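You will see subunit A twice below: alongside subunit B first, and alongside subunit C after that.
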Partner chain A sequence: MPILEVENLSVSFKQYTGLKQKTHKVISSLNVTLEAGEILAVVGASGSGKSLLAHAILGILPRNASICGVIKYAGEELTPDRQTVLRGKEIALVPQSVNFLDPLMRVGSQVRTSVKNGDAVSVQREVFERYHLRQEVEKMYPFQLSGGMARRTLLSTAMVSGAKVIIADEPTPGLDPDVIKEALNNFREVADNGCAVMLITHDIESALNIADKIAVFYAGTTVEVAPVENFKGHGEEIRHPYSKALWRALPQNDFIPIPGSQPHPSSLPAGCLFAPRCVMATPECRQVQPEMRKLRGGMVRCIHAT
Partner chain B sequence: MRKYIGGKLGLFLLLKGLRMATLLFAICLISFLLIKNSPIDPIQAYIGADMLKVGPEQREKIAEYWGVDQPVMVQFLNWGSALLTGDLGTSMIFRRPVIDIIGERFLNSLALMISAWVLSGMIGFAMGVVAAMKKGTWIDRIIKWYCFTLASTPTFWMGLLILIVFAVWLKWFPFGMGVPAGVLAENVTMVDRINHLILPAITLSIVGVANVALHTRQKLIDVLASDYVLFARARGEQGFVLFWRHGLRNVALPAITLQFAAFSELFGGAVLTEQVFSYPGLGQATVEAGLRGDVPLLLGLVIFSTIFVFVGNLLADLSYRLLDPRMREGRRYDFKPQIKK
Partner chain C sequence: MQLEAKDIGFRYGNGPWLFQGVNLTLEPGEIVGITGPSGCGKTTFCRILAGFETPIEGTVTFNSAPLPKKGYHPVQLIFQHPEKAINPRWKMHKILNEGWKPNKEVLELLGIDREWLERWPNELSGGELQRFCVARALGPNTRFLIADEMTTMLDAITQTQIWHAVIEIAKKRKMGIVVVTHESKLMQRLCQRVIDFNDFS
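Entry: the complex of A and B
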């Protein structure tokens, strides 16, 4: 049984322009599932709704946001009340950068506040030792950390909580390759120990190295969920034309970009969201948005996919 | 490392000291010239109503005695060199050394300003915090409305209003002055003094609240929208714990700094409040010195208030340096590799 299921999730924001209230839908029909012991990489361009998915699962969206659809944790629906109880305990976030640490609090204390069971100090020291952080690091303030140290500190906050689901939101931006590799290996290790990891990233290449499954997002929807083994060669085994295009745009593959850009949430096309840029598009594609369907051990949102 | 921080602080204080010296010189020169060119006749101010009994020759003698017949720059140098030896001259209206009067009046004002400073700081901070935590609710709207109203309220008007309500109508407190009238100085008790202090202090703090409250509110709203509060919420923190761990420490520092930097407003407010309540503080002395042409006292007060405001700003700067780890330990990380060598 999957530990985390997201079914047809949509997120909208209420906005006031003057006295008029407007609702912007930024995520529509997102579907992902997460199993214990596996890493699901969520990839897609900026603005495709990756971070919002993380915030929606944790229940930390801003007040003007409203969500539709179902999120289930361990088979039970994740209501706001359950989210309040579970976040930081069963579901932990590994954020993007050192800006997510309180600038005026020593990092050791910040890691300790995440400890839910046992002696906070010894748990924190243990995890620092495990991630090769010297003991004086606990006395430092976030601005004194180097990129790698910050990375390991942020990971520590999730590790000490004993969470079963770890959501890493762009954990490797602007780091040098060694640090990225180390961080990703840490996530692999965590998953091998039985946690479920959702790795949100736009670095497809490194995601492919450690993930078990890849979920591709486009304009606030999932277009494909595929086992990592499908991403090879010229992408013949990839189901959706957008994921195929993403794969082929990588420098080490064909390095062919697709023309056009992702539509803005306020001006989504009718029917399939990718149709305007798709080479396979037919008039039928512009009628209704296709449903997610099972195909060759994965999922795809395309009527032409085979 | 410690030494390095100490050295940095020493340099900082030295530069501030230099700045203070140049500022004081400029202030002295400008206010001296302004007074010199004002219609105040020091001799007339000195003699007062007996002016008619004084002949032109006597006038000249007095002018010679005070040195006001000499060129302006010579007069300035005379005054300046006396100033450097600590001699601020003699007040014409009180017939006592200026320094004594300032000292005595400052003690009275200090009680008023400190109580107003602490009160307005604490109440304002609390109001700002509540408004930000409850942003958009009715309580936030009330606090905001209250602050905007206060921010546009003249101090003297607020003083009059409070005087009318609490002293005249309700008769809870004495109306004005520092001690009860008709009581010998040695019979004045501490309770009497505090009783006379309450209304002016409340006036001064009520007006001072708006600034801190609105600033704290905005700052806390920014903090609550920050990435680190988002992350704290993701780790299960909420409500009061969240505020205590992350809100307070990030908001308190700017609020403290703002309070120190508001010394000038405090002094300005004290001038008006003391006038309304006839409270014998520095502010009232300033008004009297100005109205009655007491040049030595006025200049002494100008210098003193300059130092007072400067010290406030200096404390604001220092509080940042001492309390904010980013300023305090800013160099530690950069320094590490060099220590290893």
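Entry: the complex of A and C
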């Protein structure tokens, strides 16, 4: 049984322009599952809903947001009450924004309050050493940290929490290569010890080194879930045309982009959301939005994928 | 038309030197990369090149004269976080036309949709906003562009689109570019030579 299941999640925001209230849906149908002992990398277009998914799982979306669909933890629906109990203990977040640190608390203490097993002080010192944070850093307040130091503090907090699910939202930008490597190895270690990890990242290459599966997001939907081994060569084994295009655009591959951009949530096309940019599109694609279906040991939301 | 940084040194207050003795001469049309560990002062150096910060030691000259203090700045800086570089209370068309009126060619190259101009900044994704910041920095009098982790927060397709557009414009106008990125593969694709900040700290 998967430890975390997200089925057909949609997220909408209420917005006011003057007195008029408008609701717009920014995520329309996200599906992901996390297994214990596994790392799932989540990649995709910027603005495709990756951070919102993370926040929906943790139950920390802004107040004007409403969600539909089901999120299950250990087989049971994750209600707001359960989210409050589990947050930071069984389900931990490494947030994308460094503004998540408590501005009034020394960072060493922040990490210590999250320690689950062992002596809080020594566990905190060990993890700081691992992430190349000097001992004097534990006495600092968040405003005294550089962006990279703040990110390493956030990573430390999640790593010492003993959580069963870790959701890391872009944990590595701005870090040095050796610290990135350390952090990624650390994710692999906790996964090998039975934790489930969701690694949201634009760094596809690093993700491939440590993840088991990769989920690709586009315009608020999951378009593909694939074993990492499929991402190689010219992307022949990749299922969805968007994932293929993303792979080929990487500097180490063709470095050639497809034209156009992801549709805005307020003006989604009919049918397949990728159709306006897809070279394989046929009139059929513009009729209804394709469902996720199984294909070659993965999943794809495309009627023509083979 | 050179941008020349000579013997640049910088530190905050009485703190230790972030770097000293940095030399960089950028010719028109040249693309140079800067690498170095996080916190080593790459961003500070970019701000010095664009005239936002005064170096403690050394000088920056444009065309053998000091950087201009007034008027349109010939050295334009683009940051990693577009949301920090724009006024959230302005609609996009106002933000876009702040320094110059980007022509149709620039808008098309950068893939800026006409319909986006009527939106507020929070109604666009990071990738869309960054296109505006790039368009805004590409005025006809821009001679050098400083791109500090310009596409770090973007997906690979958007990253490649923006870089292709910028390089095409730079070639046409013989504009020089400084690229800061931690992505070595991107650096190899873009840059003719690379300066390592490890050598100056």
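Note that the second predicted complex is superposed on the first by the 270 of 306 C-alpha atoms of A that agree within 3 Å, B and C clash if a C-alpha of one lies under 4 Å from a C-alpha of the other, contacts with A are read in each partner's own complex, and residues count from 1 in each chain.
Operating definition for what follows: a contact is a pair of C-beta atoms (placed from the backbone, for glycine too) under 8 Å apart; a residue touches a chain by one contact, two chains touch by 3 or more.
As the structure is a prediction and not an experimental result, all values here were calculated from the model.
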Requested in this report: Give one of first, second, both or neither to describe whether A:Ser114 is in contact with subunit B, with subunit C, with both, or with none.
Outcome: first
Query raised in the report: Which partner does A:Phe255 contact after superposing on A: first (subunit B), second (subunit C), both, neither?
Result: second
**Report entry** First, second, both or neither for A:Tyr16, with subunit B first and subunit C second
**Finding:** neither
Query raised in the report: Who contacts more of subunit A, subunit B or subunit C?
Result: C
Query raised in the report: So, does A:Gly47 touch the first partner subunit B, the second partner subunit C, both, or neither?
Result: second
Query raised in the report: Is A:Ala245 touching the first partner subunit B, the second partner subunit C, both, or neither of them?
Result: second
Requested in this report: Would you check which partner chain A:Phe143 touches, where first means subunit B only, second means subunit C only, and both and neither mean what they say?
Outcome: first
Requested in this report: Across the two complexes, find the residues of subunit A that touch subunit B and also touch subunit C.
Outcome: 146
Report task. Flag every residue of subunit A that touches subunit B in the complex, lowest number first. Result -> 55, 58, 60, 84, 87-89, 92-93, 95-97, 99-105, 113-114, 140-141, 143-146, 157, 161
**Report entry** subunit B residues within the subunit A interface of the complex
**Finding:** 226-228, 230-238, 245-246, 249-250, 253, 324-326, 329-330, 332-333
Query raised in the report: Residues of subunit A touching subunit C in their complex?
Result: 43-48, 146-149, 170, 173-177, 202, 204-205, 245-247, 249-252, 255-262, 264, 266-267
Report summary line: Listed in rising order, the residues of subunit C that touch subunit A in the complex are 37-39, 111, 113, 115, 123-128, 149, 152-161, 164, 182-183, 185-186, 188-189
